[in-house]
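Shared chain: chain A. Partners: chain B in the first complex, chain C in the second.
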Partner chain A sequence: MKFYPYKRLNRPVTLRVTSVSLKLSDGTRDQLETTAYSTQQQAVALGIAGHTDWVSATVGLSVTLPPGANAPDAAWSDLCVLAVLTDGETNVRTSANLTLDVEGGRDWSGSLEVFRDDHLGRASLAVYAVGTVDGVRGRSIAETDRNWVIDAVSDEPVHGLRLNVQKASFRKSAREWLQVYADAPWVVDTSARVPTVFVNTDVEGIIDLLDSSGSGVDSKVRDLLVAQMATDVWTAVFHGAIGDLEVDPAGGPVFPTDWQGEVLREMLPDVIPGVHVEEALRQVHRRRTGDSGWTELQTRIHYAAVRRADASKALAFVIRGLEQMNRESET
Partner chain B sequence: MITQPNHVPERLGLLVTSAVDPFLTEELLKGEQVHGGIDLAKVVEPLPEDDARWWVEPIRSLVEDAMFEFREDRTLADAWLAPRLHATLRLTRREAADKRLWNHLALAVAPDYVVWRHLSESTANRPERRVAAERFRGPADRQCFSRLWWAAELFRNGSDYEPVELACGNQDLIHTVLRSELIDHRPTAQALVRLLKSGQVSGGREVNGLSVAINAAGATLIYDVLAPDRPRDPTRLRDWIAEAESAPPVQRYELPDGPDEDPVPEESVAALAGYFAELFETAPVRGRKSGD
Partner chain C sequence: METGEEFGPWLARQLKLAGKTQAELADELDLTRAAVSAWITGRSTPRPTVMVDIARALGTDVGTVHTRNTDTQAGLPVTWYHRPGYPDGGRDLGNAAAFAFDADVQVLARETCQNSLDERLTENGRPVKVRYTLHELTGEALGAFREAILWNDLFPHYSAVSETAGTQKVGRVVDAGVRDMYEKGRLVLLRVDDYNASGLIGDDYSDGKFAAVVRRQLESLKSGPGAGGSYGLGKATLWATSALGLVLINSTLSVPHEGRTERRVIGRLELPWREVDGESYAGPAWFGRPDPDSPGAMVARSWWADEETVENLYLARENDEPGTSFLIVGAHDVAGLAAQSSDPDDLPIGDEEDVDTRDIKTMHARLVEALGRDFWAAMTGGGSRLPLLEVSVRALRNGEEVVAEQRVDPSVEQPSRTRALRAYYEGTTVSRLTEAGQVAERNVPLKLPLSGGAHGTFGTHQAVLLVTEAEGDKDGAKNRMHSLRGNRMTVKRSVVQRLPANTNPFQAVLLVGEAAGETAPFAKEAEEFLRAAEPPEHDRWGQTEELTLRWSPSAYRRINALTADANNAVRELVARPKRGGGEGAEALRKALTVRPRPKAKSPTGPVVPVLDGLEATVGDAGEWQITGEVSIPRGDEIVPMVPVAQLDVRSGGRPRLDWAELVGVEGCEAENGTLRFTPGARRAKFRGTTDVTSHAVRTTLTRLVVELRAGKGSDA
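Moving on to the complex of A and B:
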């Protein structure tokens, strides 16, 4: 619980994306389908129409402030609403002022320009209601509780970070560094721009298995295999991120600004439950750099990775599938 | 101290971080011996051939000039090289966020510069001189060349690189502030430089104390409202990048010009500089007694 030394609204601002259009390099515009964004996922996928030559995207926004924002006896004045897009990879911060729809109402709308040259992958969109409180300008009185993700390349609006799966013959790959792993079915690379699994096509049948679809046991085994890879990835990502933590001038660890920070924020509640993620990060950092407690934490890190990879669900489906198969062969 | 590899590529390329380790040898980190360059070239992904920006020679000649000019005090090279590297290697932020480019620059093009600039001094505790591996492949605010490029990008005021020179002349500022998100807001970055220039803030502890105070106040204040920035026109940067084809080498004695973008509104810088100065008076700074 944060403490604020002034009056605020205690409910969050709600944000919806209402339209997305791309400006292409030949000057034309492409209005994207509504499948480019998802309110449930709180994500926008700018790569959905397959354009690689777009210059900028205009994202239409509609915002509703919590009740009380426009109360006549409110503790604030000069109310304004600001959409802020930030990107930890490119250090971009873009803000747009929204306008009030109807005098006396709580709905605001406007649009945000997103430049292609400014983003490599995922940027984060938040909305702030700002006013003058007790004579202090620029006070944030309410904000969105969960940021939207604006993904410059993705073709599907999903909030969580997806693994990048690449197939390669390790023995013959142009990526020479893969050759030393020729006898492994897959390896994990967490130093790439997004966490990547390289699947070794030299392992006979592995691609058929991974590409299998339908309802047979094959596809359930595939899901289990993917869950196993994902568990490996999230464990590796967690260790990588914790190992590279930056420390602020006061000596406390700082969340990485890229996707590693995103993953840490998602996994930490399972690693150190019951505390704020900032505190969880401090505890984990202390355990790793201090005298004791790092070994004991491994089980929890593994647990968090298993949860994030949905491994239990995949295993349950495989077991059910095998049971069914056995039953059918008996009858 | 090492020299450049026997084989230096003619053009910049992309070197994935997972392929870096075999070349980041103990000998290189100690500054004793560098790889030959031939084997490394095999794992590099090429960049488009029709783009003049990827020629290595202008960058090679810049770092050689820096090593000569600042042979007496290598930390001074940062303030000189940052704006000139930025004006030579004209990138969009999307391109600059690709770590593979910086890996290639440090490992294949100028490992001798990385060693020259970042080989640690011998101390009683650590007598062995060494370069931290993150100076070759590491976070954007640590890697030898990307930290300079980003410092130039975040501290330039439109086309004016003078604030970059000032910011990079203060090792503490680029060491601690570069990693923090607060300077992603252009008026905040310019206000910080202004306090540095006027002498209201100096030294590592003061810079640290101020950035902690700005961050703390930023938890409840939205600086974009206190100090608005103007919308950017992306075509200005595109034009500047296109001019790379015909641009002469950057000036060595005068500061070059950056992309022709609008400067931060003066009212916004002035408002924030005033506000930060007030914050700083009450900020706890290690080693400073209250009431000083």
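Moving on to the complex of A and C:
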């Protein structure tokens, strides 16, 4: 629980994205459709139009401060509103000053310039209302409670991290390291920027099966295969994420800011249920680096992965499908 | 001086109304019967001095005798006429048309407002103004009103109906209405006024709007082919909303009748068959002046009331603009009960104890909601298009304002849709959405069939689809499409299905028929087609008998095709089409997306207390002084917790502060920096002070983070 040594507003700032446009390398601009962002998901996908050569993006923002921000008797003065884009991977922070729409109102708007070269993938956008309180400048009075995600490469506005899926012939791939795994149908690479699943196209029919649609037994087998792969992947990414944590001066683990952080925040509640994620991370870290408890934890990690992969649902569908098929062949 | 009709016929009618013979008048005036007869046949006119005597004899002023544009107030008093029972002994236990509706002020709002829209005077280009007034009467005001409507004459009829209440629906409703009035000592009047409308013109009995509303059932005499109603059912909602089945009417006519326009008054009562004092009555009754031309001078017809009378009947209109006032006596709102119980958040006003079907504040809120929802388009103007309708709602109690008159503002009730329509009228729509607040416009074809069951298409009408971003949930549920035609009343509200989960919330409007503009091809024909496809509830377009008879049994499929096309057009505008192929393995991608899932079950065992509240101040020496509140889940064994104070940082590890003092205040004890909780406690409180020497920065520039950690807490 946080506490500030000065007066603040309790309620969060609301942030909306109102437009997105890209500046291309030839100097032209492409005004993207509103499908480039999702208010539901709080995400912006800058890769949606398929441009690979954009230089910068201009994201139009509209912000509403909580009631009381403009009260005449407020404890703060010199109020200004900043949009701050933070990239946990590249450690770039960009901020933009917003302007008040109507004197005496609570709506602010402006735009944020996002440079392609500053980002690898996902960056997080928050808004702070900042003012002078008790003579100290630059104090944050209210913030957004849930950040928006601005993804420089994604073609679909999705808030959650999406792992990468790639198809490759392991035997003939330019990625020579894959050749070692030529007899595996898939492998997971957690050392990449975003964990990537490589699907081995040398295994005949695997791609067809994965791409199959429809309602027959094929699709049920596909779901089972997907569940199996997803279980593998989630187990691997969890170990990848917990594997090299930064530690603070006191020896405690620091929450990572990139994909590892997202994976841990998502999976830890299933691994160590009933406690705060920070506490859960400390417990897991203690068990992994300490003398005991790591082996016992494997079951919990596996359970967290199985839950994410929806394995039991996929299995139930396959079993029901098989039963139905048997019944039909009997009659 | 402007004069009405000829003196002779006028005098003859006044005598008949007053029940006087020519001889009696001659006696009173001290003249011969022949002189009176000569006036009536038009052979002579009385001298001015005699006019004064005539006025006195008829109980009126001399001006009326001179102008003769009104009847005198003399004669048979205003009374109730109950239609006698059918001679064949048949019994109507209620009005079937009224059965089609529940007592629902929202339905009433839709029907009455639609009627007013249809009767708007179009020549002056001004909107029709509709005002709903909820008026609760108690005490003296209630008594005076009951006297004005001759309640004592009506009461035996209500009693007779109440006796049948056990077996019969209308009886039960009426019985409950009467009992509510007596037990709670109150009566709710709901008045619906329209101004700049045609008013109830025409004769009392023969074809005309007056007779259509007051005398007939299932007759619709609408002013134009684009009218909303077509069944003549709508007026029944007036009676359906009255628990007493009683509606009083005052109309200012746009076309004079009997030389007059203002204060044409009549009342109509809808009761089931009943027997009173041995006489049987068929059902309806009228409140008016006995018509001397009717058999036995029994039938009540409308009369031209004076200002005092309309005042007493709560029927006074605010100016002489033509239009009609309906006064629903004993208004109740049964449907409002369901709304109250299902989503109380929607109705912030109205106390828990006050939840009943006659709460005027609740009815007020429901009226505003329904009017905004159904008529936002008619209230919206822009460009060269003016709004067709202005509506306001107010609530009074014994003449005192309870809820101030509130103009229903479409940009408040339906902000996104109103913005969309306004942009369309002003010509500021775009073809694709690139910015929040824009309105996208598309054409959607409606292929009109040939009439008479022939195969083929008569013509293709281009409906207009408008899509814009939803402004929060102010327009109601998101991702809806409102469809409307020429009368600009929302007919259909449908959900646009099959949208991706990350679609930005939107609202859509589909303008069909004359709503798409006069220049749209086949607008008139489309209008006619859709009007025929509209059921009495006015809530959809689809298969109706009329559609089948005039076009063909499969004609409704044309509307389905329109809906499908419109939905597809919406999807194209708001959702990106699914990429075909690409990297493939869509199912696998989905399974590999981080998204929150329901929490896993906590293991059983010792329960872990959590920090529930925190108070902190900076002390004189710069130390943080904190008081923490802890909530403890129910459990036999409670894990000891270590409170940890840290300074918040933007990145990296948080510097930890040492405790100078840590004490348990309630439900716990501090021991070497660990809190041990009293078994069975559900809440605990502790106090702590940090050690200033462990602070890395000035305390007033720090943010404090306090956590409870389980176990030893030494390594973290």
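By definition in this document, the second predicted complex is superposed on the first by the 302 of 331 C-alpha atoms of A that agree within 3 Å, B and C clash if a C-alpha of one lies under 4 Å from a C-alpha of the other, contacts with A are read in each partner's own complex, and residues count from 1 in each chain.
One rule holds for everything that comes next: a contact is a pair of C-beta atoms (placed from the backbone, for glycine too) under 8 Å apart; a residue touches a chain by one contact, two chains touch by 3 or more.
Quantities reported herein were computed from a predicted structural model and do not represent experimental measurements.
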Partner chain(s) touched by A:155 [first = chain B, second = chain C, both, neither]: second
Chain B versus chain C as contact partner of A:23, first or second or both or neither: neither
Partner chain in contact with A:250 - chain B first, chain C second, else both or neither: both
Which superposed partner A:309 touches (first chain B, second chain C, both, neither): second
First, second, both or neither for A:288, with chain B first and chain C second: neither
Greater residue coverage of chain A in the superposed arrangement, chain B or chain C: C
Partner chain(s) touched by A:191 [first = chain B, second = chain C, both, neither]: first
First, second, both or neither for A:32, with chain B first and chain C second: second
Which of chain B and chain C A:266 touches, first, second, both or neither: second
Which of chain B and chain C A:230 touches, first, second, both or neither: second
Overlap of chain C and chain B interfaces on chain A (superposed complexes): 2, 4-6, 136, 246, 248-250, 254, 257
Partner chain C, residues of chain A touching it in the complex: 1-6, 16-19, 21, 31-35, 37-41, 43, 48, 60, 62, 134, 136, 155-163, 165-167, 197, 199, 207, 210-211, 222-223, 226-227, 229-230, 233, 246-254, 257, 262-263, 266, 269-270, 273-276, 278-279, 282, 286, 303-304, 307-310
Chain B-facing residues of chain A, complex: 2, 4-6, 55-56, 80, 82, 84, 86, 88-93, 95, 113, 115-120, 128, 130, 136-140, 175-177, 189, 191-193, 244, 246, 248-250, 254, 257
Residues of chain C that touch chain A when the two form their complex: 432-438, 469, 501-505, 574-576, 579, 583-589, 591-597, 599-603, 608, 611, 613-614, 616, 618, 624, 626, 628, 648, 651-656, 699-707, 709-710, 715-716
Chain A-touching residues of chain B, taken from the complex the two chains share: 16-19, 21-22, 42-43, 92-94, 96-99, 139, 150, 153-154, 176, 179-181, 183-185, 208-209, 211-212, 219-226, 229, 231-232, 234, 237-238
